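Presented sequentially are two complexes of subunit A, the first with subunit B as partner and the second with subunit C.
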Partner chain A sequence: MLKQLTRSALEHLLQQTAADYRLQVPQRLADGTRQLAPYGSGELSLFGETPQRKPTSAFFPQTEPLLKIDSTGAVQLPAAAEKPLALFGLDAHDLHGIAFIDRFFSAAPADDVYLRQRTNALLIGLTGAAGPDQSFLPLSAGNCDIELIASNDHWLAVAYSETGEQLLEPFPDGDNDRLRALREETSSYRAIRPDSLQKASELLLHDRVPDDFWEAIAARCILCSGCNLACPTCTCFCLQDRQRADGTERSRVWDSCQLDAFMREASGHNPLGSEALRTRRRIHHKLAADPQRWGELGCVACGRCDRACPTGIGIFAVAEEIVKRYEKG
Partner chain B sequence: MNRPAAENVTIYAPRPCRLLDVQQLTPQEKLFRLQLADGSDLGHQPGQFVQVSIPGLTEAPISVASSPSRSGYFELGVRRAGRLTAALHQLQPGAPLGIRGPFGRPFQLAALQGRQLLLIAGGCGLAPLRSLIQYCQDHADDYASVQILYGARSPDDLMFKQDLANWQISDSFTCRYTVDNRPASSCYDGETGLITQLLADLRPDPAICCAVVVGPPTMYRPVIAELRRMGLSGARQIMLSLERQMRCGVGKCGHCSIEHLYCCSDGPIFWLEEVEQLRGALG
Partner chain C sequence: MNATLTTCPYCGTGCNFYLQSDVNGRLSGVEPAGKHPTSRGQLCIKGWNAHAFVDHPDRLTAPQLRRNGQLQITDWNSALDLLHDKLSGIAAQYGPDSLMFLSSAKVSNEENYLLMKLARAGYGTNNIDHCARLCHSSTVTGLVETLGSGAMTNSLSCFDETGLIFVIGSNTTEQHPLIGSRILNAVQRGARLIVADSRKIRLARHADLHLRQQNGSDVALLNGMMRQILQDGQEDTEFISQRTENFAALRQGVEKFTPEYVAQITGLPPEQIVSAARLFAQARRAMIVYAMGITQHSHGVDNVRAISNLALLTGNLGRPGTGVNPLRGQNNVQGACDMGALPDVYTGYQRVADPAARQKFSTAWGVQLPETPGLMATHAIEAAAAGQVRGMLILGENPMLSEANQGLVRKALERLDFLAVIDIFPTETTDLAELILPAACYAEKDGTFTSTERRVQRGRKALESPGAARPDWQILCALLQRCGLPAEYADPAEIMTETATLTPSYGGISYPRLEGMGLQWPCPDAEHPGTPILHREQFTRGKGRFSPVDYRPSAELPDADYPFLLNTGRTYFHWHTGSMTRRSHLLDREERQAFVEIHPADAKKHRIKERQQVKISSRRGTIAAAAQLTDRVPAGQVFIPFHFAEGAANALTNNALDPESGIPEFKVCAVRIEPC
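Up next, the complex of A and B:
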């Protein structure tokens, strides 16, 4: 289904969505950053830089209550949310990131805590002339309910699910030729992922990256863990208990493989006992382990870790360095 | 995405459990006998582990030390090493506990059937191996022979001393154990030396022998080298149990990854050839 929305029609679609969903939309915050925030809490930002907070945090938040255990050992689950989530403003990278962790958390045994947030949630992509200064953002792979494609003074709206079709039903049909042209523009656009990621992946899979490389990269790491916290496909967590008046609240909290305690066992044995091993793990996991396990890179090339890293060792930078040093050698 | 979550159930919920009995095994290790509060069997297989939950201290992964063929209870041999295991060591029979699991890939029992078994444990690796030893004891006719080899640091560190004595006089097994060091003050009169020395004079038939190795990370490579020297160089001849900090048990939390594998769900039991080339797998 292809429809066309004016600015007021888009507002109408969002209002309608907000009636049935906890809708988050991109907004320009007072500090100048662009982030997803509850609809109606600020001014809608329809183009601009990618929000630095990862969109997957809506479904896998930094701290998430799992259950409560009372004094008898009985377990109680948190109350279900009244409405499912809806995220508007996701680009192709972010939709890819959500699809990646959908598969991860759905793999048997399915993570019911993730599914409770994610099931029936609505994803609305925002591509086309929606980048900084209305620059072109490549179209999505259709891994959303609705994709809004900014074009001149209107938005083409493609429905990819039954729910998406219902929501777009009232709007006038869009121009198929225009959609075709935008899709062609996407295919001629630079690859969604830089070549260096794929090349670095192959070098890692063929064990062509020596240990002293990781020593040198790790020497630049300040252990802030910003790379992991910003990455939409990072899913590692640890458990945390808090004693409350009515029992123990058990939560999960994001963890970082860059930290010494990540794999340390009670015996003191630590399979990732050096910064070099942990830095290798961060990059190797995305570029070599994930392709082996899931058949694709674990990096969706959103650029967040490279923006977050104060010392320039985000995954693009490291992949480029790997390719530069070892591609021919 | 329209895949619904199961209602009012979570994979992270511990099941209530009762502590039936506690035995001191060594100065650092105790054996806990437990039963699920609803009286049901744990439903585990040898080699699997559970997550022990103590409210306020989260969870710790512990291997099951008893065979499912001993029904009505399950046992955990636990070294006091961190905060949760220290609290566990304070508990008295009757105390409530939470258990999640059983988790993980068990010992590959079908592959062991009819074989000469070399069951090799170091340190507290005897606890998970004991689940298999008991299973073999209860299915003695299924194996050509069963030889148990165990090494501990000192006589005080020998776990399951009563079991070791019973296994030594059992018709089903051959059992030998050794300690790395015997203090001058010790009245221990058994064998002294590294576990590889127990392997040195064995003459297994490589065509039908299968070794199962459970131990601390430092033990794997020397023991594997010795097994290879004895001719156990084919596929599916050496089975290992690997230890990692498994925090969720269901392949989600990421703490037990070994390259592209998760120790908690792809393991903890692996054939050697599945992990030998993986960085860091064997310590």
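Up next, the complex of A and C:
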């Protein structure tokens, strides 16, 4: 289904969506940060850089209550939300990231905590002329319910699910030729991932990156864990138990493989006992282990870790360095 | 999912982030502010976990009164009445100066202002101080004398345009991580780096030169560098003649510090001192960065003077990419000083001994004010131990773990007739209090904090405080009213308005103007854009003053009975006395217990193995901690972080104080180590 929305029709779609969903939309926050925030809590930001906080955090938050055990030993699960989530403003990278962790958390044994948030949630992509200064963002792979494609002063709206079709039903049909042209523009656009990631992946898979490279990169790491916490495909968490007057509350908390205690054993032994090993793991996991397990890179090229890293050793930077140093040798 | 922009509660870097709250209003995470000039979308591990302690079950949620050794819950009115009755009763019987007020570098500017007003106008004493006494009091004293202003001269953006960074006594990547990262980035783009630190800190791995001078020998090292610069004719003669005074005395003062003489004191090879001097002097723009390794000595003020001398000698002041850059520790330790939570000054460093300043505050507050400067925190502990200070109100500090010589602190606090503590968690200090008042934490109130680069920024309320806990400013207003002083502030913004009228450097600061990036003081009027770099045209005091210093050894050095030098400090994952970070899951998991860093050669000699519990003793106390064998420390030195109550480093440290700043010698004392 292809529809066409004017600015006011877009607003109408969002209002409709907000009636049945907890709708999050991109907004420009106080310091200029662009982030998904509750619809109606601030001014909608229809184009700009990728929202700062990874959208996967809506389904897999940094700290998330899992259950409570009261004094009788009875287990209570957190109350279900009244409405499912709807995320608007996702570009192709972010939709890819959500699809990536959907697959991870859905794989047996399925993560019911994740699925509680994710099932029935609505994803609305925002592509086309929706980048900074209305620059072009490549179209999605259709891994959403609705994709809005900014084009001149209106939006083409493609439905990819039944729910999406229902929501778009009232709007007039869109121009198929225009959609075709935008899809062609997407295919001629640079690959969604920079070449260096694929090349670095191959070098890693062929064991062409020596240990001293990781020593040098790790020496610059200040252990902030931002690369992991900003990454939409990072799914590691640890458990936190807190004893309260009315029982014990168990939550999960985002973890980071860059921390010494991530794999430290009770004996003190640590299979990832050096910064170099941990830094190697971070890159290796995304560019070598994930391709072997899932058949694709674990990096969706959103750029968040490179932005979050205070010392310039995010995955793009490291991949480029790997390619520069080891491609020919 | 709501997002509230606020200022990080940990170090003085001044990062901003968004606190994320879920549909139930509980904090669910942290996201760095993407466009903020300091955070730039980045945080350190503590920042990323700054939400974690807020809803910890240990939070204090009701006023508590200790009766017959048992804590009983009481209501706010009774608690505040009791607090006021006790403080005013002690003041009436023994004089106002038998009271001591400890403010906090963790609370807002507005709250520091109110507590300083309460002590001075409410109870009639200048006995107010806070933990700056333990960190940068040496800086305030030393830099006011030489430059006229005791704050970081330059801005964090200067790291992006400097040619050389000289880091002395600052483990920047661990203690100010987002400043440490700027230093690492500067090195990546080609800036030179000199690190002077006895420990092999991360920055040392990237340094052109790593000087591992003996702890406490900094004056000798700096004087040696200056003598060499003069020998080489590398001093900035134009700058010296136009902008400084007392140069002849400096030249004379450093004359005896030949490389060979300095080598004897510092343990460095003489040629390293020459190399350091030449590398430093050749830079067109050089920044000196320092922290506790410089200030926490019985000659801390002399260390600061020597640093100031080096910057003056080479003309590295008043320009981008230069400066004397003390890195302030707590997120509002700069602000607590600016607000006059110090015994000798009102806000903006206006001296209580100055009759005009006293008259100004007296008129504004409508009461007579005490003339004599009050007690420093460290002296107040001594006075309490001697029975001269009898009542104490502590706001958000934990001196039982943070002050030197815990045995003395315990004796002092136990001897008090009355101790009240306002805090967010139970601490080793609330354990000794008769009255404990529960406070809102940073995420539960509005206010302003001033970062190390003098940037005044907003903190914003993201959620309600637990139980009956109240924001400190409301608690302090209730006490001011009990003292008969008007305190009808509707919100912290009104307190800032009052502060600004009394404080020239904050004169142009108001809440509306702080939206966005905040303002760097001095900001004297409503149109002033703030001041990123101090001393541009002239120094705050007019001319920069050379203040030559001689080397004085530390008060207690290793000997046959106590053969190791004990160095103390902090680690990356914990914050000070651990009350917040040990209640933050990931941070606690990373470092769960007290440890002592010991060089492998020393460990071998004493038959100590990795992770073995060892007993560490000084002349003041004994603790146990797990051995961590590492060449981060030089042989002969051990390092213990002071975060851990169960292995409290400050049970060992020496309360030998700098005669001018009153700072204890946290970085040098003598200990021995035995297997447990």
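Quick note on the criterion: the second predicted complex is superposed on the first by the 329 of 329 C-alpha atoms of A that agree within 3 Å, B and C clash if a C-alpha of one lies under 4 Å from a C-alpha of the other, contacts with A are read in each partner's own complex, and residues count from 1 in each chain.
What we mean here is this: a contact is a pair of C-beta atoms (placed from the backbone, for glycine too) under 8 Å apart; a residue touches a chain by one contact, two chains touch by 3 or more.
For clarity, every value in this text was computed on a predicted model and none was experimentally measured.
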### Message
Per the contact definition in the header, classify A:Arg293: touching subunit B only (first), subunit C only (second), both, or neither.
### Response
first
### Message
Output check: A:Leu223 vs subunit B and subunit C. Expected answer is one of first, second, both, neither. What do you get?
### Response
second
### Query
Is A:Met1 contacted by the first partner subunit B, the second partner subunit C, both or neither?
neither
### Message
Applying the document's definition of touch, where does A:Asp255 land relative to subunit B and subunit C: first, second, both, or neither?
### Response
both
### Query
Of the two partner chains, subunit B (first) and subunit C (second), which one does A:Leu44 touch, if any: first, second, both, or neither?
neither
### Query
Which partner does A:Gly32 reach: the first (subunit B), the second (subunit C), both, or neither?
second
### Query
Which partner does A:Gly73 reach: the first (subunit B), the second (subunit C), both, or neither?
first
### Message
If we overlay the two complexes on their shared chain A, which of subunit B and subunit C does A:Ala121 touch? Say first, second, both or neither.
### Response
first
### Query
Given the touch rule stated above, what does A:Gln243 touch, subunit B (first), subunit C (second), both, or neither?
both
### Message
Residues of subunit A that sit at the subunit B interface in one complex and at the subunit C interface in the other, please.
### Response
238, 240, 243, 255
### Task
In the complex, go through subunit A and note every residue touching subunit C.
22, 24, 29-38, 41, 52-53, 57-58, 61-65, 81, 219-220, 222-226, 229, 238, 240, 242-245, 253-256, 259-261, 268, 307-312
### Task
Would you pull the subunit B residues touching subunit A in the complex into a rising list?
1-6, 8-14, 16, 37, 53, 55-60, 79, 81-82, 85, 96, 98, 216-217, 243-245, 247-248, 250-261, 280, 283
#### Entry: Touching residues (chain side subunit C, partner subunit A) in the complex
1-3, 5, 16, 18, 20, 22-23, 26-36, 41-45, 47-48, 51-52, 56-57, 173-174, 177-178, 180-182, 184-185, 188, 202, 205-206, 515-517, 572, 585-586, 589-590, 610-611
### Partner subunit B, residues of subunit A touching it in the complex
66-67, 69, 72-75, 77, 102, 104-107, 109-113, 115-116, 118-121, 235-241, 243, 247-248, 250, 252, 255, 257, 262-267, 269, 271-272, 277, 281, 284-285, 288-290, 292-293
